[in-house]
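Consider the two complexes below, in which chain A is the common component and chain B and chain C are the respective partners.
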Partner chain A sequence: MSERQHTIFLDGEEVPFRDGETVYEVSERHRREVPTLCYDPRLEAFGACRLCVVEVEGLRNPVASCTTKATAGMRVNTRTDVLEAHRKTLLELVASESRAAAEAPAGAVPGTVDPLRGYASQELATLASRYEVSGERFAGAKSGHSKGADDDNPFILRDYDLCISCYRCVRVCAEREGDYAISVANRGFHTQITTEFDSKLSDSSCTFCGQCVQTCPTGALADKKALRKVDVPGELQKTRTICPYCGVGCSVDIVTKGEEIVAVQPAMDGPANEGALCIKGQFAWDHVQHGDRLKTPFVRGEDGELRPASWDEALDRAAAGFRKAYAEHGAHAIYAIASGRAPHESAYTVQKFIRAGFGTNYIDNCSRA
Partner chain B sequence: MSNPLRDMEKPEAIFCIGTNMTECHPVAATRLKRAVAKGARMIVADPRRIPLADYAELYLPIRIGSDVALLLAMGHVLVRDGLVDEDFVAARTKDFEAFRDHVKDFTPEWASGICQVPAADIEKAAHIYGSAGRAAIYYTLGITEHICGVDNVQSLCNLALVTGNLGREGAGINPMRGQNNIQGAGDCGAIPANFPGFQACDDPASVAKFSALYGRDIEPVRGITKVKALELAVEGEMKAMLICGENTVVSDPDRKHCEHALKSLDHLVVIDLFPTETTAMADVVLPATGWGETDGVYTNTERRVQRVRAAVPAQGEAKPDWWIISQLAKRLGLPGFEYQSARDVFDELCSVSPIYEGLDWDRIDAGAYHWPVPTKDHPGTPILHEDGFKNGRGLFRVIHYRDPAEVVDDEYPVWLTTGRRLEAYHTRTMTGRSSGIDYLLSEESLEVHPDNVAAWGLQDGGYARVTSRRGSVVMRVRADTTSPRGTVFCSFSFGDVPVNDLTGGGYDPVTFTAELKVCPVRVEAVAGA
Partner chain C sequence: MSRTVATDAEILARWKEEPAPLLPLLHAFHDRDGFLSESSIRGVAETLRIPLADLYGTITFYHFFRTFPPGKAAPRVCDGPVCKTRGADALLAALEKDGATPMPCAGRCDEPVPVLIGDTQFVGAADGSLVERETPRPAPRPDGGEECVFAHVRDPARRGIDGYLATVGYAGLRRAFCEWTPERTLEEIDASGLAGRGGAGFPTGRKWRAVAEAAGGPKTIVCNADEGEPGCFKDRVLMDHDPHATLEGMAIAARATGATRGFIYLRYEYPHTQAILENAIAEAEAHGYLGADVLGSGQEFRVYVRRGAGAYICGEETSLLNSLEGKHPFPRNRPPFPVTHGFEDTPTAVNNVETLCSVGPIVARGADWYRGLGYRGEGHGDHAGTKLVSLSGDVQRPGNYEVPIGLPLGTLIHDWAGGPREGRTVQAVTMAGLSGGFLAGDALDVTLDEPSIRAHGSFLGAAGIMVFDDSRNMVEVAAQAMSFFAHESCGKCFPCRIGTQRLTERLTGAAGPADLDAWTAEVADIGRTMKATSACGLGMAAPLVAESLVRRFASQVAAHVGEAGERGGERA
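The block that comes next holds the complex of A and B.
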């Protein structure tokens, strides 16, 4: 890599760029807010939506900034009246493709969908609002028809009436997951995002990782489990944490309303996963607030049955049993198994309990099975 | 893992053995798929034709439990064909001559008879791995859950040492840890051989350090493993046990033995989220807060130390584990359990553990550090062994092939191997309570090659009785070419198909890990059921 620092001129400002960077990436880094719909930083640039066009001095026509590499001395304009008018027209065309945009009531922002649909689901509505776009100007034929009833899978809603054919779902499945479950059929107004033989996702190579849902910029692909929580009152909150399943340690955001978990979304900047998840991390979260959870301590009664107890009674019983075993049989009659599922603070205190309590190393965890 | 997850996109050659990664670590597997798409050459060795094999240039369908033979023969080819990294071997390793002389006898033709794969494919695997500039090994429980688990791992180390594939980007030996914080449990000292930070329990200085810290003399000898503790319970010597967040009865091998052990105790305290087969045997059950409700720390498979955060309040009266154990300790009059928060506990761990000494609760907020992080100004250690090995030089080991504890015979003529499926996690205490999962995986089934289904008088979708030397289980049959002829597969996730009634023929003599991957059985059709 070259050590010499090259620069381009971005709206007149001289800024550095790294070898191989696109004009869009440089613009993003310098907060130019160039609009896009087909762009996901994890995917190969695609250049389909044309919203990210910029003017490059010396070139007759605007170019898509996501597919144009920065070159030394390049003079780029990211926001001119001509570009903004062009982007608005493009957005009106795109909006006319989406049911939610085309059918938006007068005065409403076209493309509005519930944010529970997915991580990127607000992108179209956000741009429509910024450019004051309505879906009416090009109202008429639309591509894509929804598969709400045809696909009974419990995770992924395929509401293609909202689809704008950006191909992000197709590309994330191929480029990031390597599963190639999603493809495109037909052209023009007959374009349809589909699977092999136009089947259900469960009959395809889909693994239900949910990546197509989370990259969809319109909510056409949506999280069905989250959508069941649309009517839960409260503001959406996100809490950054780590997935509770395997040892990869994917970063996720737990999405809550009030005291209820309503969804999980991948953390796009998670160091282990870079936005990826699998079916377990993405969709298997409702065990947390499940009715089967233990909500009180239990002790075994005289009748041999477990019965609910207070913390004081249960802890006294627990302590008494260890005290008795130690008094009657010594330290080597006592053992503890810590969890590889609980956090450090659990394992640390369990091992300390044994070592500080009984002076042995009679401690293990669940890694041997 | 010796190398970080991001390195999985950088090798020129990838050797996956005993790791069903697309199902067990799906997100890590996406990195290997991308590496292959960019031109990396991948070898997959596994008795079953797992999905990862579809991405491999070379798939080696080795017989269950024959890994050492394969790896010896690969070592033979590396030495014979001049694929030794002489500089690395000279500068960084010890006892190469013993290894070189040892592998002379173990030709690919010899291994072919044991592994049941063509000798030419073994040669090809050695050439792909040995001629790459950067070659990385990935493995999981398919390597460790054998009576020769340690031998398997050391055989892999020999290959990495002989080719100099350690301490470099895109290389290394990389075990994929199966549970969110199983690495952390070891880091924290919840193992019989080590105090926190892998300080040995039989090292006098470490014993003195922790005896002083914990205010009590700790015996200067290693403890016993869980497997041994359960045996002692059956024998009446073990009397009281604390089990935290493990459904021991279902997840451990030889369920009858395990139940017997727990029943034999005078006192069993279980901390868990849900009622389980194990809480049902307890004298006291204590409800814990779980994921999404608890602040704390996990360490992932690449030794990255990461924060977990509470998003919702506890269910009912449930409490964090550290609080429960501290209350118990205080009732026994133990000092040093006056923690007010998870932060207090973690910061204490950092202060007593050299590999965490440079960390604290605030410093790990963004999850930016791989241990060891010995000082506050240390950047962390994404790649191990870059400058040297902990004990000086990388040691070659002389390993001999051994048969599994039990091998197929006239009475038990079929190899059973066990594992996991994408949609279910362990004993389904979590995934089984998450809506929608049943749509994809609603019951367990025995995976049988279609030719065997016909030959053994079974029916696809019908039922079979599977019997080992320890027990017998009835389960549905699913015809599937993933398992080869003569080998069947089942997961241990479903309580109504307790496959661990069958397993448990032997244990690794060093780690006491059960040979869950090998269990000879017989398979018989049952009508109706």
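The block that comes next holds the complex of A and C.
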């Protein structure tokens, strides 16, 4: 126990910190609930929203806790009346520039958007409610221009009327996805998220991974596939699973209303992906509930045409085929490939069936990426 | 036309291996084509390995880069606070047929109205006439007192190296490289009391020492010649008429810190200055004052000029460094500071032109001499050294003045500059260009030093002072000032990005409460939060304009809110 433990004083309480930790990280660990909007723990701290400001004894102005490293003996206050007043003013300012926030009906919380827009889409509304933000103060021009029909890609809605210029989307695209597809155009109140030459996402280097959507704290970037399901009745429920498409094993939450899948969202705490997905894991789930899916087995008749059959008939036919192949050519003549669009349970069953049933390891999966 | 036009490949090859290549590359294409075409942007992105979206966004940040014609050929007319009172609007209308658009204060408030066409700066009049003229030289110091940086600036020979050497030029450099140790130079600068003349007033000796002691390299000296603060035009006269003084200061800084490369980050609006500086660099290299082995000392020091592209925030040192590096010019989070992590993360001293110009004389003549130049009037304390003041607006003799620090403001305005125009009185002055807001009434009794001005809730900063007489509507002046800050806010942090916009709307009457108490409360709340939480000096200072207006011109504000309220039906 000879190693010296460094501490800071957090609202008067002496707490330890690790080398390199920011004041915000220490505060989080001690449940101070310091508000943030531009913060995403996976990204380099940026210091845009200034909501995370704290008072540090000896400094004249408050500092952004997200960009301030803890140093031994520092005395920090995270929630004084003055700080809370600044936070409320900042939230009222940011509410005043957003279409959704400024045009919220009387009594509604400014910034309210449908949670199907994306994982983090409720952050602004949640803070607006916590700080009892009025949508009327600081009225004036709105910032940002939604793309609407100008970007008709099937996945991502670019509804920049709601954008509050936190640049989480730009930073996640650069720092996590490495695609650098989007950036900041113009300056000041006229900043706008853009692509190269203000093109459509499909003409940019975007891979439609959806990470920008899921980190957006306002729903300005939204999941178009999920938005089709806004009117489906029922409460949102999330079920944790692993994306079946490839071998990385990204954790996802299947979002459902009743029996219906309405969205897929990445698990921010997924050990393999930490909130990242690819275009398939993020957006390619329509097949699950697609009307064209087969609902009964089919067998081929003498005439070579497929016709509906009962399960017993279909299984008998399959078994006969396997038996014949096994008898004539041996176990290694049998080879199974499972689909990445099938559930994990099916994939497991297929390999078990081939290995234990026939004694061969000739199995594969289309998502062996 | 016998001159051949450079091809894309030639331009790219010319700059590819140079330090800080993005800005000169973009300028090369902008100069050749008059705007930045998609294919040239793609070429630059590929050559410098900058993601296209990133480069595109960065280009749109700069006021003067255009991605479509007529681009560079269209006139830009200054509509800064002084030019507004000198016919800028009429001039803009007269030039509208040529596609003229306004530009923020272009640093010629002593001789309004500057107009930029291509790479030429003209002086325009309300009737649309344009003349090309050299930067005015300052008038002789009215009280005959001794000067530091202006001592030889009126000598026409001083721009060339022979004239510079004839007036004890490079004596400080010679001493720093051939007689003194770096430590000795640092001690002398410490003892002189020299502090940053670019606005923040950080002690120069301490900054250099931090760079000298920092690990890593190559170390860098950056001369901040962005001079974007409205009402400031002092660095311009120093560079135009005494360019070697800046180079000498940079080289001494290099000797004291161990730096081997230097950049001059020059504001776009001073196009002629680039040639003057580059010529001076060539002369200094030929004489061994710059280059691979300065005066046989074994130390290399090379200086490169890089021209900005129209962004006030690029005068903020960390934004400047990002701009030099070709990144999006948002200010950086600090710490770490540039003294340890500056240009390309190397230890860097960023210094203002005036600061650097003071260094040569200090080393040549000693710290005591420099300190002794401060104001010694009756009842005044121990003020060290001098400060350039750019005085403009409603005074008889606008211009640059080198004042002893601590000189009463009234002496400068009334005795040195002839006071207000005939039959007028001084209603208000700005401080620190615009960043210090307004002083008026009793506060006009300040002396020109930080403690005195800070006691009135303002600051001297880079010492641009604009005078507004009793014929001016101060709410209008404040609205123009705030719209400047809104135009120049980089957009990184919420309080400034939205706050400057909301304050502008309230000062112009475009939006905001019609009730005076509600109006005042909104303006105060926005200002308080901007001052306390903004990420850089722009957002911290901008609310001073509104705050000082409300404090000192309450009745003009009440009238404005009343009138705006009556028009309220039209408002969004």
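Here is the rule we use: the second predicted complex is superposed on the first by the 290 of 369 C-alpha atoms of A that agree within 3 Å, B and C clash if a C-alpha of one lies under 4 Å from a C-alpha of the other, contacts with A are read in each partner's own complex, and residues count from 1 in each chain.
As a convention for this text, contacts are C-beta pairs under 8 Å (C-beta built on N, C-alpha and C of every residue); 3 or more make two chains touch, one makes a residue touch a chain.
Since the model is a prediction, treat every value here as computed from it, not as a measurement.
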item	value
Partner chain in contact with A:P62 - chain B first, chain C second, else both or neither	second
Which of chain B and chain C A:S96 touches, first, second, both or neither	second
Contacts of A:F155 with chain B and chain C, given as first, second, both or neither	first
Partner chain(s) touched by A:T239 [first = chain B, second = chain C, both, neither]	first
Chain B versus chain C as contact partner of A:R50, first or second or both or neither	second
Touched partner set for A:H329, first chain B, second chain C, both or neither	first
Touching partner for A:S165 - first (chain B), second (chain C), both, neither	second
Residue contacts on chain A - larger count, chain B or chain C	B
Contacts of A:R300 with chain B and chain C, given as first, second, both or neither	first
Residues of chain A contacting chain B in one complex and chain C in the other	none
Residue numbers on chain A that touch chain B, as the complex places them	152-155, 175-178, 202, 207-209, 224-225, 237, 239-251, 254, 256, 259-261, 270-273, 276-281, 283-290, 292-300, 306, 311, 314-319, 321-326, 328-329, 331-353, 355-357, 359-369
Chain C-facing residues of chain A, complex	37, 45-51, 53, 61-62, 64, 67, 69, 82, 85-86, 89-90, 93-94, 96-97, 137-141, 143, 164-165, 174, 180-191, 194-198, 204-205
Residues of chain C defined as touching chain A within the complex	38, 41, 51-58, 60-61, 311, 313, 328, 333, 335, 486-495, 497-502, 505, 510-512, 522, 525-526, 528-529, 531-535, 540, 572
